[in-house]
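Structure incoming, see below.
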Amino acid sequence: MIKLDKSSQNVILLLSCADRAGLVARISQFIYERGGNILDLDEHVDPVEKIFFLRVLWNEKLSLPLSELEEAFMPCAEEFCASWKIRFTGLKTRIAIFVSRYDHCLLELLWRNSIGEFAIDLALIISNHHDLAPLAAQYGIPFHVFPLNGDNKEAVERQEVDLLEKYAIDTLVLARYMQILSPHFVEQYQSRIINIHHSFLPAFVGSSPYRQAYERGVKIIGATSHYVTQELDQGPIIAQDIIRVSHKDTLDDLVRKGRDLERFVLAKALRFHAEHRILVNGKKTVVFD
Amino acid sequence: MIKLDKSSQNVILLLSCADRAGLVARISQFIYERGGNILDLDEHVDPVEKIFFLRVLWNEKLSLPLSELEEAFMPCAEEFCASWKIRFTGLKTRIAIFVSRYDHCLLELLWRNSIGEFAIDLALIISNHHDLAPLAAQYGIPFHVFPLNGDNKEAVERQEVDLLEKYAIDTLVLARYMQILSPHFVEQYQSRIINIHHSFLPAFVGSSPYRQAYERGVKIIGATSHYVTQELDQGPIIAQDIIRVSHKDTLDDLVRKGRDLERFVLAKALRFHAEHRILVNGKKTVVFD
Amino acid sequence: MIKLDKSSQNVILLLSCADRAGLVARISQFIYERGGNILDLDEHVDPVEKIFFLRVLWNEKLSLPLSELEEAFMPCAEEFCASWKIRFTGLKTRIAIFVSRYDHCLLELLWRNSIGEFAIDLALIISNHHDLAPLAAQYGIPFHVFPLNGDNKEAVERQEVDLLEKYAIDTLVLARYMQILSPHFVEQYQSRIINIHHSFLPAFVGSSPYRQAYERGVKIIGATSHYVTQELDQGPIIAQDIIRVSHKDTLDDLVRKGRDLERFVLAKALRFHAEHRILVNGKKTVVFD
Amino acid sequence: MIKLDKSSQNVILLLSCADRAGLVARISQFIYERGGNILDLDEHVDPVEKIFFLRVLWNEKLSLPLSELEEAFMPCAEEFCASWKIRFTGLKTRIAIFVSRYDHCLLELLWRNSIGEFAIDLALIISNHHDLAPLAAQYGIPFHVFPLNGDNKEAVERQEVDLLEKYAIDTLVLARYMQILSPHFVEQYQSRIINIHHSFLPAFVGSSPYRQAYERGVKIIGATSHYVTQELDQGPIIAQDIIRVSHKDTLDDLVRKGRDLERFVLAKALRFHAEHRILVNGKKTVVFD
């Protein structure tokens, strides 16, 4: 955790491009010339695809607006044909959580947020049910219900997008949201929708993974957090964890043990995302943790 | 670990039957009347199928032959319509290991056996290649090669069965044996062939699971030991373990990390099997560890 | 999880005594003669001390009061000179939680209790500070504050005992309660006070274990739940868990990661205790999980 | 794993110095100007001590001798008052293993080395007993015995140092070597003696850690690999791992489970050391894994 100094700001650059000599030299020189001091730097080169990935966090005294900093970096980025973004750690990512009826993931995120574990503004909760409104109220987060009836998905998603835009939401977290988002919706939030699936993917895709795990007699169950793509349960994996089970565990025990995994893995993924630690590499992720 | 007293013997009963009242009372009374002292007792009732599973280890002074003990227990077993077997811990399970070219699982089993970790007689190693003959020789275990050429599987399997019978082999361990056994062969060793699969099943069935895992970008890889059935990679799971991986790990790293899992998980499964700790429950196992 | 049938009741016997032949036979016969059906049975013999430990859960049709069942079992217990207790699963253990200012363990227990994970009546929360009163109120649990000023510990503990007795509390849970209970107080709740210590005991006893861990440069941190005895941090260990750390983790990161361990390990210990799965064996525990 | 290209070489720089702006820029510029392409770069700033740590791996076409490369880098290092070393991945670290009678760690290292897991030249094995000579012979490694009799430690250590120098040994690995090296000996191999301790340090320092763990009733045991310093079991920790135990595990079981930890943790530490992934930070380590 990096403490903020009011008279300066911390800047994060996430960048990927075709690998070549001189990338680190060029970028670190850019930072140095601005009077920046690098606090944390991670780089990775995909040895098969020859792609260079970088996350660098630096502190600089100039308190320029983001647009000027982006402009200053532009020539460098264009030279490398890079994908990139720059973020100030002082400007928190605005998050909306989608939930249905299970409270465990939502409570976990609300509580962690309340004690300052996440670098986020938790701005909005959206649900297709009213059940969790009181929990949202306890933590003072706006809660909007959009009931779904099987026919109105398209209309509801339009309303949701309007609301998300009104709240200037950057990233969506599906905290056991039991609805499938339309491809059109997903497209608008590429690498910005985080889901939790209650199995160690790719095992047990689809519904009822705990029942599938129980019937298969596995000795380990898991949970997987991933970015949502248009293919169900196929998005780039951000984080996974597992817990041991045995013949003594009933289906209810699997659900109970799995709840703990779900809330931890989802919280971990959100933390990585909020701290700009994740770069998507095709169907995979680079996570600089 | 239970020390053997020469003037007495330790007996293990494994039993399963439809659940009903009085089973533990009846069986523990049988043991008590023989002057036996229970050293370890585990029971489990499948709450869905209502099946009772029992493993009980006791010490008794009478040094009867196995057949007489089996005869004495028969009325009890028939009353419950039970599946059961009785074993003396002093009579070790006779094991044959099947290998191809990878040495890691074989060395692990040979070494563990050499320091007394397994309650087995490691009687025989069978391979389709000559590569590991020197390793077998170092540990003084007979090594037989049956080259396979794509046409001779049926004939080879007949020879192998002859050899297994000659050596009075009870259980086969496939220590990264890269051949698929015929259904006919498998049928003769039901719940007596232990395989190691290099993924956390049911993820990544079939060949090249590390490659599949690498391409999917999972954050955890695993290994699974299971009894072999006629359906590939579908047999009852005995043991599983996992290790974390990241974007830094190349395919070679996955193979390296996975090797460690494979040898540990296979060794664990063999230990459970050799100590008569496993009961098969349909497609699943009850492991009294 | 065993579902209760209204016309019958589930009974748990916890028992320990010097090992001898016939113990399981005698006790299972006692159960069978009452028409009881054993649902779960675990036994363990300490191989060094030769002590027999048993937990057996059975269902019986007779709905006798506890006192009559205890009376019926008395001759059997006396014959073995056993320590024992009988509990009905329908009668939940009454719990008081002690807290100071950290909310994480308290919230974890409150939430898990609210969704039915624990077989307890969470009757009371006691604190030396007012901070967590609102959280207690959200879950509708009485919250009593006893401020401590360095001079009044003896008087406060007397008041606390009075309150605990008024609420018929069986077991105390110290959910990061930052005060040391007096030996006299502890004596009254032998094996009935559960604490969470934020290190993998016996490493880092005493205060500031995360700081100690940070300065020592360990690669793993842990948390330990144990019964409180008169010696600080020396009581019988119930549950432990760990998480990996690295040079990247600051002291704040250790505290953050440790919080997750603390709440999980404490919740696990309370669940074991509430389900009567723990027998104390001198300075150690037998946990039939 | 980075494949070597014969016409070029891979270079690793390990460096630490007081933190200041421009370090990465300066060093990456140095590499770029030589035509080097960075393959892997890790940096860390100790947030308390404000020390900068760097490991950078690059590929360069010039096939200069090491001394010339060191000379070229010298001005840069002097400017930063840095501690540093440069290594070619093609020049493997020369290793001597010290053992007594336990074979498990030695076999693990020999086997892993035989399949190419370590970037080392395993040049020598030294023991105070003859027992493991045959194992060394199987893998073709010279094995020297220096019997210790309680009076001759000083003389023996002088002989050992002579032998180590004759074999040009860089790093010593104590693979369950049951003797304490003298402070004078240790001083000559600072941060170059790797030990495996059979507990999760700092718990259970000294002898018989498994017995201590058994008597304390812990639910987790561990193993710790660390650099040897003049204070017993106090050196900087490189790697740790743990395994769960329960009341069912006897002292022998702890020893058995612990063996697996010991060989894995020691192998991991040696791999990190051999790949120049470790920087010592006072009493702690920075491990760029």
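Letters A, B, C and D mark the chains as written, and numbering starts fresh at 1 in each.
Keep this in mind: a contact is a pair of C-beta atoms (placed from the backbone, for glycine too) under 8 Å apart; a residue touches a chain by one contact, two chains touch by 3 or more.
In this text the structure is predicted, and so the values were computed from the model without any measurement.
Visitor: Please name the chain that ends up farthest from chain B once chain centres are defined by their CA atoms averaged.
Guide: A
Visitor: Measuring from the mean C-alpha position of chain A to the mean C-alpha position of chain B, what distance in angstrom results?
Guide: 42
Visitor: Just curious, how far off is chain D from chain B if you go by their C-alpha centres, in Å?
Guide: The mean C-alpha positions of chain B and chain D differ by 37 Å.
Visitor: When you check chain B against every other chain, which residues touch at least two of them?
Guide: Within chain B, the residues that touch at least two other chains are 44, 47, 250.
Visitor: If each chain is a node and each touching pair an edge, is that a line, ring, star, complete or other?
Guide: Per interface graph, the chains form a complete graph.
Visitor: Where on chain A is chain B touching in the complex?
Guide: Listed in rising order, the residues of chain A that touch chain B are 44, 46-48, 53, 200-204, 215-220, 222, 236-242, 246-248, 250, 281, 283-287.
Visitor: Once bound in the complex, which stretches of chain C touch chain B?
Guide: 2, 19-25, 28-29, 31-32, 35-45, 47
Visitor: For the complex, which residues does chain B have touching chain D?
Guide: Spelled out, the residues of chain B in touch with chain D are 1, 103-104, 107, 111, 115, 117, 138, 250, 252-253, 256, 260, 264.
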